[in-house]
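You will see chain A twice below: alongside chain B first, and alongside chain C after that.
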Partner chain A sequence: MSIVTVQLGQCGNQIGFEVFDTLFSDSHSSQGLCSKKENEAYQASCKERFFREEENGVPIARAVLVDMEPKVINQTLSKAARSGQWKYGEHACFCQKQGSGNNWAYGYSVHGPRNEESIMNLIQKEVEKCDSLSGFFIIMSIAGGTGSGLGAFITQNLQDQYSNSLRMNQIIWPYGTGEVIVQNYNSILTLSHLYRSSDALLVHENDAVHKICAKLMNIKQISFSDINQVLAHQLGSVFQPTYSEEGSFHYRRNPLGDLMENLVPHPEFKMLGIRNIPQMSENSLAYSTFTWAGLLKHLRQMLISNAKMEEGIDWQVRPPISGLPALGKMSLKKELRFNTSIANLVILRGKEVQSADLEGFKDPALYTSWLEPDTAFNVWKTQRAFNRYEKSAALVSNSQFLIRPLDVIVGKAWNMFASKAYIHQYTKFGIKEEDFLDSFTLLEQVVSSYSNI
Partner chain B sequence: MRRKCACAVFRRTAPPPLPPAFPGLKEGFSDGSDLRQQCDLRPPPCGVPLRANENAGWPVRKPDRLLFLGPGAEGARGGQPGTGICRESPSPVTEKGIYDEAISSFFRNVDTRVIGDGGSISKGKIRSLKARAVLIDMEEGVVNEILQGPLRDVFDSKQLITDISGSGNNWAVGHKVFGSLYQEKILEKLRKSAEHCDCLQCFFIIHSMGGGTGSGLGTFLLKVLEDEFPEVYRFVTSVYPSGEDDVITSPYNSILAMKELNEHADCVLPIDNQSLFDIISKIDLMVNSGKLGKTVKPKSLITSSAGAFKKQQKRPFDAMNNIVANLLLNLTSSARFEGSLNMDLNEISMNLVPFPQLHYLVSSLTPLYTLADINVPPRRLDQMFSDAFSKDHQLIQADPKHSLYLACALMVRGNVQVSDLRRNIERLKPSLQFVSWNQEGWKTSLCSVPPVGHSHSLLALANNTCVKPTFVELRERFMRLYKKKAHLHHYLQVEGMEESCFTEAVSSLSALIQEYSQLDATKSMPVEDIPRLSVAV
Partner chain C sequence: MGRRRRRVDPETGAGAWTLPEVIAALSRSLPAGPSPEIFRRAKFDRPEAAPALWRLLFHVLAPLPAYGPSTLPAPEAQARLVKAVLRSQGYPRPVLAQLPEDGSQGSRELLLALSWLLAREPLIERLLVQARVQLGDQVPEFEGEALASCGPPTSHMGAQVPTDLRYVQWLMGKLWFRWRHLISSQQEQCTLLGKIHLYTRGCHSDQDLGHLSVTETEMLRDPEGGQQLLRALGWENARLTAALEWRRWELVFWQWMDTVPGICPPEGPAAASQPPVLPRIPEPGLGELERVVQEMQALHEELQEAATTRRVAWEAQASVGGPGRGPQWSAVRRASQEAVEQELAALRRSWEQGGGPAPPQGHRLVRREGSSARAQGLRAAELTGLLRDQEARLQAALRQLQGQCQQELARLAAALPGLIWILPPGR
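Coming up: the complex of A and B.
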């Protein structure tokens, strides 16, 4: 089944490019460490999901590019075409001449309705080219104007028009300090709207990825391109093909659907975080070998101690002894030490994957009481290696990972709202103070719900 | 009508200069070849050419968006950004003279052989560039120089509005008399210019505050623009009179103009001549001291248009105007060129104007010059960021570091990455004071294309209470005159002017000053979190 990706705004388009590039080059890599037959099955599965065939053999990404000003889309299209390996569809983009000015209200209330028909038509065309549609990726930042405002609008439209298909929003969480001054306003408006119309929010934090680039990848002068490549790697590690029940050569047909089923049991809890291990620069890869035991031990500790990467993990954090109240059930003011999960999904790729022992993830102490660990924990595997890593593991988690970042953004936005700063920029385009208050209320509810699991 | 002899009493702030030392448009292009000698049409470098399709994707074109309005002498000379932009266009393209998206933001491409209005050509070879600008002056001197100078082909004679008698340094004459006289004509030219734009985003108005035309007619223009094009942003670059201004009535003119700026401008970038002059002196010192003289790259001087730095002492106004030109170039760079984090002009207003009245932005440009060293170590890059916050680099007499920030924007050009930006913000943050509700009030942008002669540059725009002293001083100078009713009759005898105009203007300014004072009062208060909404569990 296929996934149609909608890339929105500068962030969405820049990342979208890296995602398709990673998916493509991984699926055509010669370092899959598996048999030819296996590789071909993998390739075919990836292809069906993310690309479609063109007459002269160059695959076309199943994507729609949307931006309110032309520069980024131009760049994205030409980068793809230059690679010679894959490209975007000729009529797959929608562009206006004047951006959204970092104004959520402008993206949502002006650009949205004005361009609704054209954009939805474009998406429709892309959907028609799928034999069978699993759902949508919507890649967007929450801090700017187009990705956030228009993104929220489009997601709502997708909910109305394609109610049987799934919507997963890949949202980019801004740096804590300044990319955009009104980023907190834009973020809370986006998150509250998406919470109502999206099926799952897979969150990528700029700060976390930045640290990964600095500490693990040893990049000296980190550019957005570096950050986007790490992001693409993370996404690819989840959505590249994995085995279905039947095992080797048979790849899962609907990862998006399976993921939703596994990870989002309740609509109140739809914020997902992602962790990868290992993560290192290409140079170091050649000199490293791993064992599944080692990788999984670290990954598990990253989960329960809420570490964003494999360096600096706090090994003191332990799951609560069953019968006693979990240490994590404290008020937000204190350090949230133990990260309780609702559901987890681990994806393993590479050599000897069948030998990996995942018992540590099935410990009931890791989870809330209202789901059995059998239901709450799932694992996907393939022996086909991913992106040159001999062994790699990814964790997609519906847990308390995101309480802190969410709480911080809500707090900052609230402080600013109390002084009414910048509000006139939003009311100018039809977003009223009540809309802000509604957003605050919804998000406080989300924070509270997650805190009390 | 007052004639030029009035200038004996009300001398203009800037003596009319000799034509600027531009070597001509030709040198604006990197290989200096004649523009008209052409090669084949090539697709634009970014090109997967996109086709128009009514149902789906729109043709992706760069918006042509910016219109220059230069009322008054200062404004007309602000046409210098024109050459700057020619030079800035990415060289592989303009070597062949292709009219590309970056150029189209400020210029039209016209075939002058076609009689009549000359329809604009949207792509392909450059035939003749016409600035998207309207030059307005109530005297002919300055505009005539421009038309005889090297930029004569760039400014269409149809884009000029002139008179002969001048405004006599009288805001009332500029605003009321010439305003009503020329309103229709101005509107007509603006509409024409706007029609030639695919998507008009913003007007730049460049003027001085102390005179009559720039100040009076210029602010009249603001109202006209607001009525006629309500959705188009109005950015105003205003030259404020320095303390030792030789126009006696400049405080009157400035305060009367301020009221209009308060009410009708989206964003104002105040500049004063003294700061510009100080910057030039500083550069001269560095260049001539011999210490760095040999290694300073001539083209890199922020004051140079094409390496004429030796002549700075004789024509300081050219150098000073070039600084302003560079300001506007850097402001629009991210809108014209690609980068990893773009910033459009409408984002400036959105991020830097938290309350409608507080739209005065203090600007600073670094570096002022580049050493011939090609490899720039991070320390020097970091120095660029530090300098942007020093009071010596501000284009107005102000010290933002010791006042309160409401918001700050950093627009970086060239080979700078997000990690460099973040490192410097972290480094400088502790020494700066931000208002309690905007502790992380940074807006950043990264444009890949550096200015000519530099590997990187930084424009910092600060919404900071450090503008208050400028306004307070202006008000004091105004009151000194007003208490004695000095020269007031020159204004009151103009139809439509009454004393209430003056009192309203000064109370508008006082209200603004009061807002800044209130913010300043919060400076040393501890930052407390507002209690959050509590939700039922």
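Coming up: the complex of A and C.
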């Protein structure tokens, strides 16, 4: 089943390109460490999901590119075409001549309605070229102007028009010390709107990915391209094909649907974090070998100590002893040390994957009281290696990962709101103070729900 | 039981059938039918006949498309299902429920159960219709009405383990995702069917149909599949022939069955010579029925009261407003009488229709170009019209149920002062 990607704004388009590029080059990699037949099945599955064929043979990404200014889109289109391996559809983009000055309200209330028909038509054309539609990826930042306001508007439209298709928003969490002064306003407005119209919010934190680039990949001058490649690697490790069940060698048809059913069926708990291991520069890759035991031990500790990467993990954090209240139930003010999970999905790719032991992830102490580990923990596997990593593991987690960052943003936004700073920029375009209050209420509720699991 | 001599049938001149031949025809027409010898042994309650009869009853009663040859449940599970279905259909003899599920005894009881099933409805014909080999692509079955008529679930919650509400919400969410996936799959199926129909235009020898169905396309692609289809059609023919033979000679069987209850042990309830056909009364139904009757009576009284008050008020008004009884007045009166009659008629129609005309089943999907008027068959527009009506009825029923829920919630909220309701984030 196919996924249509909507790339929104500068952020969405740059990341989208890296995602398709990673997916394509991985599926055509010769270092899959598997038989030719298996490789072909893997390729075909990836292709059906993310690309479509046209007459002259170069696969076309199932994507719609949207931005308010042409520069980034043109760059993206030409980068794809230059590769000669795949490209974007000729008429798959929508752009205007002017930006929106990082104004969420302008994106949501003006750009959105004005260009609704054209954008939804583009999406419709792409959907019609799918034999079967699983759902949509919407890649956007939450703090900028175009991506965030327009993205919220479009996600709502997708909910109205394609209510039976799934919607996963890949959202880019801004740097803590971001440059846009109203980024917190934009973030809370985006998040609250998305919470109502999206099925799952897969969060990529800029700060975390930046650290990965610096510490693990040893990149000196970190560019957006580096960050986006790490992000693409993370996404690819989740959505590339995996076997449909234990012991089967058929690839799963609908990973998006399976993921959502396993992780986000509850309407209050939609925030997903993503971790993967190992992550290293290409040079180091050739010299490293891993065992599943080592990888999974680190991944588990990353989960329970809320570490963003495999370096600097706090090994002191332990699951609470049963019978005592979980540490997570303490008030938010105190350090939330143990990360309680609602549900987890672990994806294993590579050599000897059948021998990996996942008992550590089935410990009931890791999970809430109202979900059995049998239900809460899921694992997908394939022995086909991903992106030249002989063994790699990814974790998509619906847990308390994001309470702290969310709380920080809400707090900062509230402080600004209390003095009504910059509100006129929003009220000018139809966003009322009441909308802000609604957003605060919703997000406070989300924080509270997650804190009390 | 001695061998009966074949008598000459005065009608056809052909030899009348013996009991073993008739039972053999019955067996051939049923799925998993056992040999006539099993039936004979069952009459004498021989234990070795029991497993075959359990198996037969399972295949007759279970919704077979759900079970492929490799996923058949264990014999104990099969026996449990047989018991459950017979109970829900109102099988009158309690002996059956007490039979052990390991298939070691009860063959006579099972024989009686089988003949009970055969007597109350055209069982064989129904099974044959269900198991038909379909050559065309069928319009999918519409089960909305069946679901709607389930009504609100009777609460079986006693003193059970308190379930966290969040877990219930989790399960609801999973159900919702599965539902959406089902719809997406159906849309995918439609797209692909459309493509196949489009690409095989002009390939069918029957001009009326014009294009191939999926089964026919597969048959052409894969000759082995064609052979399998042929075999399936052969089996179906054999069963149909057997069913016809059974219908012709079944009296022989019933005459024999008459002798079976007579040799049942005296503790068992005396069964009539032909088991009575019992209407199906679902277990909670009786209580429901009484409640419905009471509600209807209450409603009737309410309406009458309302009607009388209105009439009195109107008459008072009419007499106050002066003797407005000219020709104008009678015209108005006639018009309003007609309007009322029409409304009543419409109400009665919709009541009688109950769920309305069910969309007809068993139609083959055919794609046609243009709007050529054909006499037979159902056009897509008509079918969608029927479905829209059905949808509207179900929506109305849903709104009514939601209204009831809201009233119930309001009542509960009123009972607990100081309780604050926080609604989940919606749009």
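FYI, the second predicted complex is superposed on the first by the 449 of 453 C-alpha atoms of A that agree within 3 Å, B and C clash if a C-alpha of one lies under 4 Å from a C-alpha of the other, contacts with A are read in each partner's own complex, and residues count from 1 in each chain.
Here, a residue touches a chain if its C-beta (ideal position, glycine included) is under 8 Å from a C-beta of that chain, and two chains touch if they have at least 3 such contacts.
Worth saying up front: this structure is predicted, and the values here are computed from it rather than measured.
> So in the superposed three-chain picture, is A:Thr289 touching just chain B, just chain C, both, or none of them (first/second/both/neither)?
In the superposition, A:Thr289 contacts neither chain B nor chain C.
> Going by the contact rule set out at the top, does A:Lys97 touch chain B (first), chain C (second), both, or neither?
first
> Taking the superposition as given, does A:Ser134 touch the first partner, chain B, the second, chain C, both, or neither?
In the superposition, A:Ser134 touches chain C alone.
> Answer with first, second, both or neither: which of chain B and chain C does A:Ile73 touch in the superposed model?
first
> Does the superposition put A:Gln445 against chain B (first), chain C (second), both, or neither?
In the superposition, A:Gln445 contacts both chain B and chain C.
> Touch check for A:His266: first (chain B), second (chain C), both, or neither?
second
> Can you tell me whether chain B or chain C touches more residues on chain A?
B
> On chain A, what residues does chain B touch that chain C touches as well?
Common to the two interfaces on chain A: residues 445.
> Could you list, by residue number, the parts of chain C that touch chain A in their complex?
It comes out as residues 164, 166-167, 169-174, 176-178, 180-181, 183-185, 187-188, 191-192, 422, 424-427.
> Which residues of chain B touch chain A in their complex?
Answer in residue numbers: 46-48, 50-51, 53, 55-58, 60-63, 65, 101, 198-199, 201, 338, 340-342, 344, 346-347, 349-356, 407, 417-420, 422, 425-426, 429, 436-444, 446, 529-530, 532-535, 537.
> Which residues of chain A touch chain C in their complex?
1, 131-134, 163-166, 192, 195-197, 254, 257, 260-261, 264-268, 368-371, 375, 442, 445
> Chain B touches which residues of chain A in the complex?
Touch list, chain A to chain B: 10, 14, 69-75, 77-78, 81, 87, 90-99, 101-103, 118, 121-122, 125, 145, 175-182, 210, 214, 219-225, 227, 410-412, 414-416, 418-422, 424-425, 440-441, 444-445, 448, 452.
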